[in-house]
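There are two complexes below, and they share chain A, which is joined by chain B in the first and by chain C in the second.
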Partner chain A sequence: MTNHWIDLKNAKVILIEGSNAAENHSMSMKWIMRAKENGAKVIHVDPRYTRTSKIADIYAQIRPGTDIAFLGAIINYILENKLYNEEFVRTHTNALYYTNEDFSFDNGVFSGYDEEEKKYATDSWSYQLNEEGTPIIGTSLDDPQCGFTKLKKFYSRYTFQVASDITGIPVETIKLIADTYVNAGPGTIMYALGMTQHTVGVQNIRSFGVLQLLLGNVGKPGTGINALRGEPNVQGSTDFALLFNYAPGYFNWPNSNQPTLEDWTKKNGTFRRRFFVNLLKAWFGENATPDNDFGYGWLPKKDANKNYSIYRIFETALDNTMKFMYIVGQNPMVTSPNLNLVHEGFCKLDMLVVNDLFMTETASFWEKPGVDPSEIKTEVIFLPAASFLEKEGTLTNSGRLVQWRYTGIKPVGKAKSDLEIFDLIYTKMRDLYKNSTDPKDEIFKRMTWEYPKENTSMADAVLKEINGYDLKTGKLATGISALKDDGSTSSGNWLYAGVYTEEGNHSMRTGNSDPSGLGVFPEFKWCWPGNIKIIYNRASADINGKPFDEKNKYIWWDAAEGRWTGYDIPDVGNINDGPDQPGGRKPFRMTGEGVGRLIANTYHDPDVTYEPLPRDVSSVPADGPLPEFYEPVESPTTNILHPNVAINPCLKYPRIEAKQPIGKKEDFPYVLCTSSIAEHWCAGSVTRNVPWLNELVKETYIEMPVKLADKLSVKNGDRVAVSSARGEIEVKVMVTHRIQPLQINGEEVTVVWMPYNWGYKGLSTAASTNLLTIDAGDPNTWIQETKACLVNIKKA
Partner chain B sequence: MAQEIAMLHDISKCTACRACMVACKQWKNLPADPTPFEGEFQSHSDLSPTTYNLIKMKETYENGQFRWDFLKFQCMHCGDPACAKACPEDALTKLDNGVVSFDYDKCVGCGYCATNCPFGVPKIDKTTNKSTKCDLCEDRIANGMVPSCAQTCTADAILYGTREEMTAIAEKRLEALKKDYPNAQLYGVDQSNGVGGTTMMYVLTDHPSTFGLPESPKVPTSLAIWKDVVQPAGKMMLGATTMAVVGSIITHAMKKEKGGAEGGEDHEQ
Partner chain C sequence: MKINRREFVKLSGVLGVGLAITELGFDVKKIKASTKEFKLEDSKEFTSVCTFCSVGCGMICHVKDEKLINLEGDPDHVINEGSLCSKGASMSVVPNSDQRVKTPLYRAPGSDKWQEISWDEAIDKVTKKMKEVRDENWITKDSEDGKDYPANRTEAISIVGGAQNNNEECYLLAKMARALGVTYIEHQARL
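Coming up: the complex of A and B.
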């Protein structure tokens, strides 16, 4: 979240798209209801009418996978009718920046496309630079060279009619939503996996970025783009690199093209290098010195040409490359798409270790119905883990709020906390490697790893290490600004620097005063970065540091005091740098150019201290500098914008032809959307062992429109066989008016929906929906397209 | 006199997340009541001896307009509770604070409460031969806590407080809702209705019958004779055996009277 949960109450219009917040993030309703009481309008855009739609003022049923077309039409409407916040667009975005003359978009692809590699060369996605190497900035939004003109031209194709044909939402509803969203402000956006689980997941979110930048809905109360993260610490886990391509703090993991820290810095910038050095100091302590690149060389490097996502993990198991897997707190035998492939992967392993609360489907993959366990050679070890109620530590919520959790009860049976399990395994491994002379094992000998053995003090010590230290004084680091680039400080995660200082563990704070009345609660727990509740809040003030909106002011420059002030910690480079100085000028201090990017750009600003190294290297999406609509891999229709480039041109799928068939609409005429529900969480590993939840929602089922049920001659509770190109399952039917057939490109398209939370273990068992779903992934994140695939349905 | 309390369900805010159902079972230590899935979103068709609180869900599709309504269904804690009137053992009593309290030890499982409740709430547990229903977490509120369902509600759809506060909130909400819902109304707030008002009050977006509530709930007439005339008289003048005989005659009459889940006599639908 750019903002935070409580801040939802400050919005006057809330767009919930690709999220069933009432069911899957029900606590958000507390704040949405308060916003509504203050007159806010709620808009819900989703493939079916859900419990969230029930509290919305406007609901629109959208075809799964077409959000870019819908948002594109709203953006185009704003551009054509000059409904944008002109001052914000001119000063706080790159609208006036001259784009590279070679930049183009034709027939569905951007300039730089390599069809064979399915990859873009991004050279033309840059600015025109002046002699000093900084971007040329125009003065008129109508200047043909500036990005804004390119933006307008790009979006002009997205008329309401085109969007309606693609999405199935009536033209008048799109216009109603556009008018409602544009005319009421501040406006905020809430999204979840309904936006991300697509082969265009990143570009879906980019559309939100463009929309909010155009309207100036950034950095102020009641604005922003808010990702609703999973309840059990999904935010915290991604902060700590439970993504295959990152190190803790969202640093790109070093690859084989970057043998030295300097090579890494060239690709990531000196700004991140400083914090990466602190991470290396946290890992290697005194062994990390400027002379040895702070131990950078001991880190294993990724093969720069390989992908290490969960999909590749199972695929490499299939080709006998992956021999061993250790799975913690995840149940891919329920949650991964194309489950038959996943199962085959498990069967090929030498050994599988599962660290979980219950014997999950993953731990018991060999018990899958229809499988003969005697034919599976994989050795499986199960480590019973303590639940969140049985251990101490922090949990980070979507609003980046780091909250300490206390032990409620002692672990049941022989279960141990994850920290204790990792500590036991690591210290044993270190022991086993102690006489090794192999350079790859050096890391085990060099890493500092001495923690108290008891859970509470271990968690305390780990959080201190994460916060970091001033290594000269031995005192805890006071915050991000105290972290040095010379190895004299350490921090296990720069974002968390300041969570635990000499004043105490801030994640335990319970101060409940809210001086601004805006729900900031500055002394309740602590949020990253630096307890800034609304990030990019500098953008709430104009270029001179004066609030754009006096009625909704948040952060401003106090000239008399010579500092930035307001209701939150100012998100500026230097709190005493005025709006005309480098540390106070940039509305978006993280990008090289200091403004928000309507069009993504490869610009790297030079670092005067470390020339020729760049200061910032912000990432650019692999599949284009602007969000273009592409059909899902399995689509019921043609791409009317560019029939020859129907799907994301950067997508590589199938990766294994025999195991990843693509269904055609002739054989699989219905669109299947899948998601979780209020009553069961994710794989259901925990929730399906709670009888009180099992009595509420009992098994996997399929929701279908009345018209389809009539066609199939089925009624509520009847059984149907649902099949895709990848698998078939039998489930009961729920017939409903909550999904209606859609008119897409002049033809009727039927969407059905299924929850994916079941498997064959636990107190409530039923068929796994993910036997049907497709494992095509977004080219940036490799998240799977579980929101849209094609199926056939027959009465069972 | 104890402060009169009330619970308010604002159906315009309810999202049917059903956390209140789980919270109820957790506090009351009630087992799950698994029923087969027959294609319905609603979890159980009715209250049961192990389900005191049920979110009822109803889909309506008329003239191309879809509507989904959720109603928290539980003991209404009537101002003039028919169940307490019907109970021959004084197991059910109306407390000054508004709660219809249930004394497990006194209950003999006769089922008169279930038969006479205009809302069809009490259910007899066949294994223990005792009546069951929500007691508004009597133990929690006696200790200054909020009933577990209201405590858990994520959307502030279930509120709990003094009757005065709840009435004020309900009236304010009604005013706000009238604009979009012309038939919006309060339910149970008016203490002059057929059951003397209810401690479980509602903000409804439409007529009560839309949500399965009787339009004009009423204590069955025969109960007044039973409780207010016959029972006291019997206790004063007659022996227990005679009392039981008179009782059975009246009960027979009571059972003939319309009531229970279908609602009061003046049901408008």
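Coming up: the complex of A and C.
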């Protein structure tokens, strides 16, 4: 979230798209209803009428996977009718920046496309630069060279009619939503996995970025782009980089073709090098010195050409490359798409180790109904873990709030906290290698790892390591600005610097005063970065540091005091740098240009101190600098914008032809959308073991429109066989008015919906929906397209 | 004296019965509240944060005789103000459930059952196999355009987890994975 949960109350219009917040983030409704009491309008755009739609002022049923067309039409309407916030667009975005003359978009692809590799060369997505190597900036939004002109041309294809034909939303509803959203303000956006589980997931969210930048809905109360994250600490687990492609704090994990820290810095910039040095100091302590590149050489390096995402784990198991898998608190035998492939992968492993609370389908994959365990040679070890109530430590919510959880009970039986289990495994491994002289094992001798053995003290010590130290004084680091790039400070994750200072552990704070009345609560726990509740809040003020909107002011420059001030911690480089100084000028200080990117241009920000190294290297989506609409891989219709480039041109799928078939609409005529429900959660590993919740919803089902039920001659409670190109399952029918047949490109398209929370273990068992879903993934994030695949349905 | 809502509830609980009869008259709601306080009498309290979605709702937990006897929304938590959803409100079941796995388990190749093992055995088996796989599947270099680069990794071990873990656990898991030379490190964020 750019903003946070309580801040939702400050909005005057709320767009909820690809989320059933009422069921899956129920407490967000407290703040949405508070906004409604103050006159806010709520718009809900989703494939199914849900409990969230019920509280909305406007509901639009959208065909799964077509959000870019819907948002594109609203953006085009804003551009054509000049409904944008002109001052904000001119000063706070790259609208006036000259884009490379070679940049183009034709017939469904951007300039630089390599059809064979399904990849873009991004050179032509750059700016035109002046002699100092910084972008040329124009003065008129109508200048044909500037990005804004290219943006208008790009979006001009997205008329209301085109969007209606693609999405199934009537023209008048799209217009009503556009007028409602543009005319009220501040406006905020809430989204969840309904936007990300697509082969165009990143570009879906980029569309939100373009929309909010055009309207100046950034950095102020009641604005922003707010991801409703799906797990209790998925914010933290991404912050701490349980992902192959980066390190704790979101900088890229090194590739083998970057053998030194300087090689890495050339590709990533000096700005992030500082954070990398602090991580290396946290990991290697005194062994990390400027002379040995702070231990950079000991780290494993990725092959730059390989994808190490979770799908590849199962796929490399199939060819016997992957031998050993350690899974902590996750149940991919229910939650991963294309489950038959996943199961085959598990069967090929030498060993599987699982930490969990309850027996899961993953740990007992060899007990899957219909398989013969004697043919499965995998050794499996189950390590019983303590639940969240039986251990201490912090977690980070969607609003980046870091909260300490206490305990007062012991783990059940012989269970141990994951923290203690990791310590047991690591220290034993180190012991096994203690006499080794092989260079590959040197890292065990160099890495710092001495923690108290008891759970609470261990969590406390680790949080201090994460926060970091001033290594000269031995005192805890006070914040991000205290971190140096010379090895004199350490921090295990720069974003968390300041969470635990000599004043104490801020994740335990309970101060409940809210001086501004805006829901900031500055002394309640602590949020990253630097306790800034609304990030990019410098953008709430104009180029001179004066609030854009006096009635909704948040951060401003106090010339008399010579500092930035307001209701939150100012998100500026230097609090005493005025609006004309480098540390106070940039509304978006994380980008090299310092402004919001309407077009995601490539840019190397020069660093005058470390020439020729760049200060920042912009990260651009792999599949284009602007969000273009592409059909889902399994689509019930043609792509009317460019029939020959129907799906995302950067998609490489199938990866294994024999295991990843693509269904055609002739065989599988219905669109399946999947999600979770209020009573069960994700794999159901916990909730399906809670009798109260099983009483509420005891089994899986398929929701289908009345018209389809009539056609299939089925009624509520009847059983049907649902099949896709990948599998078939049998479930009960729920006939509903909550989904209506849609008119798409002149033809009727039927959408059905299923929850995905079931499997064959636990107190409530039923077929897994993910036997049906597709494992094609977004080319940036490799998140699978579980929101849109094709199925057939027959009466069982 | 500034008292927060929770302290107010506690105070009115202690005084509840007397107040209800003498000063406030018979108030069914107050009597009910005081009954609840009796149940929690002599219990110890700790706060936690819900473990389902990412709103981060505060919870209060009550412990008596080392057993969790009550769990409810924390009225002083600024986000959920005392409320919980159906999932969060049911979490007192978890530490008390008979379904929990309480000891390490081992399933041998081809076997159709689990057998209970000790922690020492479990950690021995895990680390022995991990070391064997790491040693036998080590990649020292990558070659690109005729040049060799140190790779320093294994592609035969994968570590997956977890958005259910605390930050400190995520941090140590990432640190351990990288020490092992693992590049296949992932979790639910892609799901």
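Simple rule for what comes next: the second predicted complex is superposed on the first by the 794 of 796 C-alpha atoms of A that agree within 3 Å, B and C clash if a C-alpha of one lies under 4 Å from a C-alpha of the other, contacts with A are read in each partner's own complex, and residues count from 1 in each chain.
The rule is short, and it goes like this: a contact is a pair of C-beta atoms (placed from the backbone, for glycine too) under 8 Å apart; a residue touches a chain by one contact, two chains touch by 3 or more.
None of the values given here were measured: they were computed from a predicted structure.
K.L.:
Which partner does A:Thr736 contact after superposing on A: first (chain B), second (chain C), both, neither?
P.N.:
A:Thr736: touches chain B, not chain C.
K.L.:
Would you sort A:Lys54 into first (chain B), second (chain C), both or neither based on which partner it touches?
P.N.:
first
K.L.:
Output check: A:Pro332 vs chain B and chain C. Expected answer is one of first, second, both, neither. What do you get?
P.N.:
Only chain C is touched by A:Pro332; chain B is not.
K.L.:
Classify the contacts of A:Leu299 with the two partner chains as first (chain B alone), second (chain C alone), both, or neither.
P.N.:
second
K.L.:
Check whether A:Glu679 is in contact with chain B, with chain C, with both or with neither, and answer first, second, both or neither.
P.N.:
both
K.L.:
By the touch definition at the top of the document, which applies to A:Asn716: first (chain B), second (chain C), both, or neither?
P.N.:
A:Asn716 contacts chain B only, not chain C.
K.L.:
Can you tell me whether chain B or chain C touches more residues on chain A?
P.N.:
The partner with more contacted residues on chain A is C.
K.L.:
According to the stated criteria, A:Pro369 is in contact with first (chain B), second (chain C), both, or neither; which is it?
P.N.:
A:Pro369 sits against neither chain B nor chain C.
K.L.:
One more residue to check, A:Met27. First (chain B), second (chain C), both or neither?
P.N.:
So A:Met27 meets both chain B and chain C here.
K.L.:
Applying the document's definition of touch, where does A:Leu693 land relative to chain B and chain C: first, second, both, or neither?
P.N.:
both
K.L.:
Under the contact definition given at the top, report the residues of chain A touching chain B in one complex and chain C in the other.
P.N.:
26-27, 30, 678-679, 691-693, 696
K.L.:
Which residues of chain A touch chain B once you look at their complex with the stated criterion?
P.N.:
22-23, 26-27, 29-30, 32-34, 37, 49, 51-55, 678-679, 691-699, 701, 715-718, 732-738
K.L.:
Using the touch definition from the top, list the residues of chain B that touch chain A in their complex.
P.N.:
12-13, 15-19, 21-22, 25-26, 31-41, 43-44, 59, 61, 66, 68, 70, 154-157, 176
K.L.:
For the complex, which residues does chain C have touching chain A?
P.N.:
It comes out as residues 4, 44-58, 61, 63, 66-68, 71, 76, 78-81, 83-87, 90-91, 93-95, 97, 99-112, 114, 117, 119, 122-131, 133, 137-138, 140-142, 144, 149-176, 178-191.
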